[in-house]
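Quick one: structure below, then a few questions.
By written order: A, B, C and D. Residues from 1 in each chain.
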């Protein structure tokens, strides 16, 4: 037994040795002064990489821009970006490394709800400032007052969709949602029917990885809805809905309002309505600077996930300016707690949901030939 | 429950069934020729489709040529994998589980490679013929689905003739069933195995290229395709390519009809549970007996 | 043959009676093709009975039916007068039946000693939990199994190879391992399937000695082979040809039988 | 002399293990804790693969059952954590019997794919039964494990808990493999018909081992749930099942103690490779393929061969 254990050790020696080296720093520093270290964990691979990758681009652009403009009170920032592969346990492990080994001042991310809830368990007791890309999730997050949220809670998403449905005078609504993200939004939406004066004509759920749901779409069509809400992280329901000639207007949540999804939807994308944030083809005045910078950097238009990455860094930088680079965790966290005009929307991080988005934060777009066009509609009365 | 809904379920079931069938046929061909279950058959489809996508758009080649390139890349992938990995392991007389682990490892690697090279986006190919749908009883079938079904049938008939009527086909069968005996009869067993992988890769790539106009392909769809294809092949009986078609269509119909009656979240549970039960109860599949006599 | 003396001095083996085997009206077919039709023969207690026949004559099928790997389409197999139709392979083992295989099926990634220890599996009791916890009784039992197996190995001249990996042994020695493994379980009826194939003349001579020994140790033996030389050890030989017994008797008589000569030579 | 050297080496190893948390960074300790969890869960898969020749791709299912049992019992029912461990292991054992008894009639590829299907079914059910599992949102606020009032609330403390458990189950497994059932298992793996003839009740033995594997998976899952205090479906996917299978494959499946090497490999190598950026998954996949092709006996077998080669050189 001892011998075998020794053999295991020999086989492992290289691994063990290598693992003692610190993680490579992923970001370059440009200024000479000791940079302020920030951590970011996003999903660059795995199921929700479609959200994580644009967030990373926004973060990198913000870092570059901020440092070029003199950083935080003359001190540059350095963001260590890690990939959690869309998995909560990997996220926990990466955050542990960033917080305890690299001593980051604050954490940006994570991309998904599950990951955010998971890593909140590490940051909350330390009162470490965390700016999550997910909306406010389960009850436990209400007590985590240093975990701020850049995107709306699921209930707010649901309300944004239902407002539009109500105001287009539709009362019979069909729903197609997946069993992951779609289920989460649906759970917050289903009990709001009465409040918005709608009835569910047919609700169909499908697996996240499903490649064909024409039958589900046909079932929704058979219920003769006046509007259809699609909540999914896959382009398939949109394509299938069009294939079975589902002619009722399709309204969808901001998660699918990206160019990648639109491309994957093919010609089925036309006329889909999104309750979203950044319509780069026709930006609001406070969004223009970011859109121009992004377009110059990447040669294409950004969506709100890129903007969310940018806003996370910039709002954090503002708090750092106020609290000072050596502020204690709690001081930085309370410096965060105030209104902030971001690119995506106007936030109020002192709100009870640690994000302060409202129905007024939403912009509504309609897809026309693969482009998002602004609708003249606002959910706020 | 309306007639049009049932009709729609049937049409989608058949379409999906032929997708599963094409993957299943590839699996059956490789199993027949090498006694290996190729857990990366779905990856061949992804490779074929992705090469076609990139030949068509950034490279700007005509569609026909792009398709040809896609098919060739699938075939090449098959041969390369055989030469690089399968043959050395055959020489070591590796066991069944080693080959399964190898092909799983390759599936993981290739999927990661596609992610690295092509990104995480989903890609659609244009339809083969004219875009559009056919309406039957207020239900819809995409014209591309007809291309898919037609090609699957041609592939099955072709394979049947190939294995039954040509010397090469017979030699490939012999090399697999009795390698030592075949070798003494002057058949180059190694070459036959390479050809089997070439054939498997080709069929896989064709499947991917046919599916891509219906379902957007992405780097991680290979494993799901493999599993459904395997279920189809098992249902029909692994020894018979025709079985894969029957198995695929049965599976597809069952899935889509189940959606009509049950909460649709359980679709995969039903399909997979059925696959397990069939393996236990009917080890030779629905066409097992026919398969054995007909070869 | 030094083995004879040693074999008899093997430590305390439970005394047991050799079994009898009776096949009556056995018929079998594969996919409509008749392999055996109405085969009847008996292996009397303590005797060695041989079964010869050219390839495809049905010897192996007959063997697989007796050992429980196939169930016959018709007919009965009686072990010491008891019908075995409903018995699983393991149940037959418990009743004292043991077989070897045409190509020796040794446990290739285990040592020679371990191979032979598996031959004693059915005599052991300690289960998973006891073995995990290494209870005193499990430890004692394992020691007992090891000692008995080691003794058996030495009887078959494997004393120097106890720790050798069986898969690396030459074909002849694998057969010896298989024989030792069959022997150690003290069966009452031993079925030997082509035991001499792949052996050289010297090894075959040794094998003859061992078969005689096993027989003298109280095992009834059914021997399948197309090796006419080895068959002279049998008390009675049955010649199988296209699923039927065409001749029975002592080997010398069988060799002289014109039908057998025709079957073998005139093929 | 040799024995003395061996004991000395062992002592050194234990010392290194005991002192490691004092010297290593928190992140490394964290990884070592995960390696310990994977050792426990991987051992089950390793026993099936290495001793019984069964490819089990369903371990994430039992890992999940353990984790959800612990989460549900402690968070929803407010019962002590030990109850969660027991409930998980009992549920896993029952499911393993109910599923294993029919499924283990299959062999080879078919069995492997049946277990893969089980893993997928498990994942879909974890999604669907969100009243129990919390679905995508998962279950948070799982209390840290506490035994007799001592809370295992830092990675260091969990490190000192998980590894002794891992060593204990490895010891039990080692005993089992060397005992009478172990011989029967390996016999069944090497030549099933011969084992059957020798009176090995293969189906029962396989089912029993499947149950043990499931219970180990469940144990690891419960420990995992208490350690990260938050679980969701993403942790119990088919990828996790594949990772569990890789542990014995990388190690050399027949080696019991080698499982440690396999677990360390699947924990640390992706971490190291992630320094190479987005290509790291390709590299990891390639590393696996190369291990399967070039080292049929895994790292342990490779190390053995290397040692022999060196010995011959020196002589």
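Note that in this section contacts are C-beta pairs under 8 Å (C-beta built on N, C-alpha and C of every residue); 3 or more make two chains touch, one makes a residue touch a chain.
Computed from a prediction, not measured in an experiment: that's the story for all the values here.
*Asks:* Enumerate, in label order, the chains that touch subunit B and subunit C alike.
*Replies:* A chain counts here if it touches both subunit B and subunit C, which gives D.
*Asks:* So which one's got more C-beta contacts, A-D or B-D?
*Replies:* When the contacts at A-D and B-D are counted, A-D has more.
*Asks:* Name the chain whose C-alpha centroid is farthest from the C-alpha centroid of subunit A.
*Replies:* Here the answer is chain C, farthest from subunit A.
*Asks:* Nearest chain to the global Cα centroid?
*Replies:* D
*Asks:* Provide the C-alpha centroid distance between subunit B and subunit D, rounded to the nearest whole angstrom.
*Replies:* 32
*Asks:* Whole-Å distance, subunit A centre to subunit C centre, using C-alpha means?
*Replies:* Roughly 71 Å, centre to centre.
*Asks:* From the mean C-alpha coordinate of subunit C to that of subunit D, what's the distance rounded to whole Å?
*Replies:* That pair's centroid distance is 41 Å.
*Asks:* Among the residues of subunit D, pick out those that touch two or more other chains and give their numbers.
*Replies:* In subunit D, the residues touching two or more other chains are 124, 127-128, 278, 281.
*Asks:* Two-or-more-chain contact residues of subunit A, please, as numbers and ranges.
*Replies:* Within subunit A, residues 45, 179, 207 contact more than one other chain.
*Asks:* Any chance you could list the residues of subunit C touching two or more other chains?
*Replies:* In subunit C, nothing touches at least two other chains.
*Asks:* With chains as vertices and touches as edges, which is it: line, ring, star, complete or other?
*Replies:* Per interface graph, the chains form some other shape.
*Asks:* Going by the touch rule stated at the top, which chains touch which?
*Replies:* A-B, A-D, B-D, C-D
*Asks:* In the complex, go through subunit A and note every residue touching subunit D.
*Replies:* Contact set of subunit A toward subunit D: 1-12, 15-16, 18-20, 22-24, 44-45, 47, 82-83, 86-89, 92-93, 96-97, 100-101, 112-114, 117-118, 120-121, 137-138, 140, 179-181, 183-184, 187, 207-208.
*Asks:* Hey, which residues of subunit D end up touching subunit A in the complex?
*Replies:* 6-7, 9-10, 13, 24-28, 30-31, 34, 124, 127-128, 130, 134-138, 140-141, 155, 171, 174, 224, 228-235, 251, 255-258, 260-261, 264-265, 268-269, 271-272, 274-275, 278, 281, 299-300, 302-304, 307
*Asks:* Mind pulling up the subunit B residues that touch subunit A in the complex?
*Replies:* It is residues 2, 4-5, 8-9, 11-13, 15-16, 115, 120-124, 131, 133, 139-140, 142, 214-216, 221, 224, 256, 259-260, 263-265, 267-268 of subunit B that touch subunit A.
*Asks:* What part of subunit C is in contact with subunit D in the complex they form?
*Replies:* On the subunit C side, the touching residues are 67, 69, 89-90, 93-94, 98-99, 101, 105-110, 114-115, 117-119, 121-122, 124, 126-128, 130-134, 138, 141-142, 145, 178, 181, 185.
*Asks:* Show me the residue ranges of subunit B that touch subunit D in the complex, using the header's touch definition.
*Replies:* Subunit B residues touching subunit D: 37, 85, 88-89, 92, 94-98, 100-102, 104-106, 108-113, 115-116, 223, 227, 230-231, 234, 265-266, 268-269, 272-273, 275-276, 279-280, 283.
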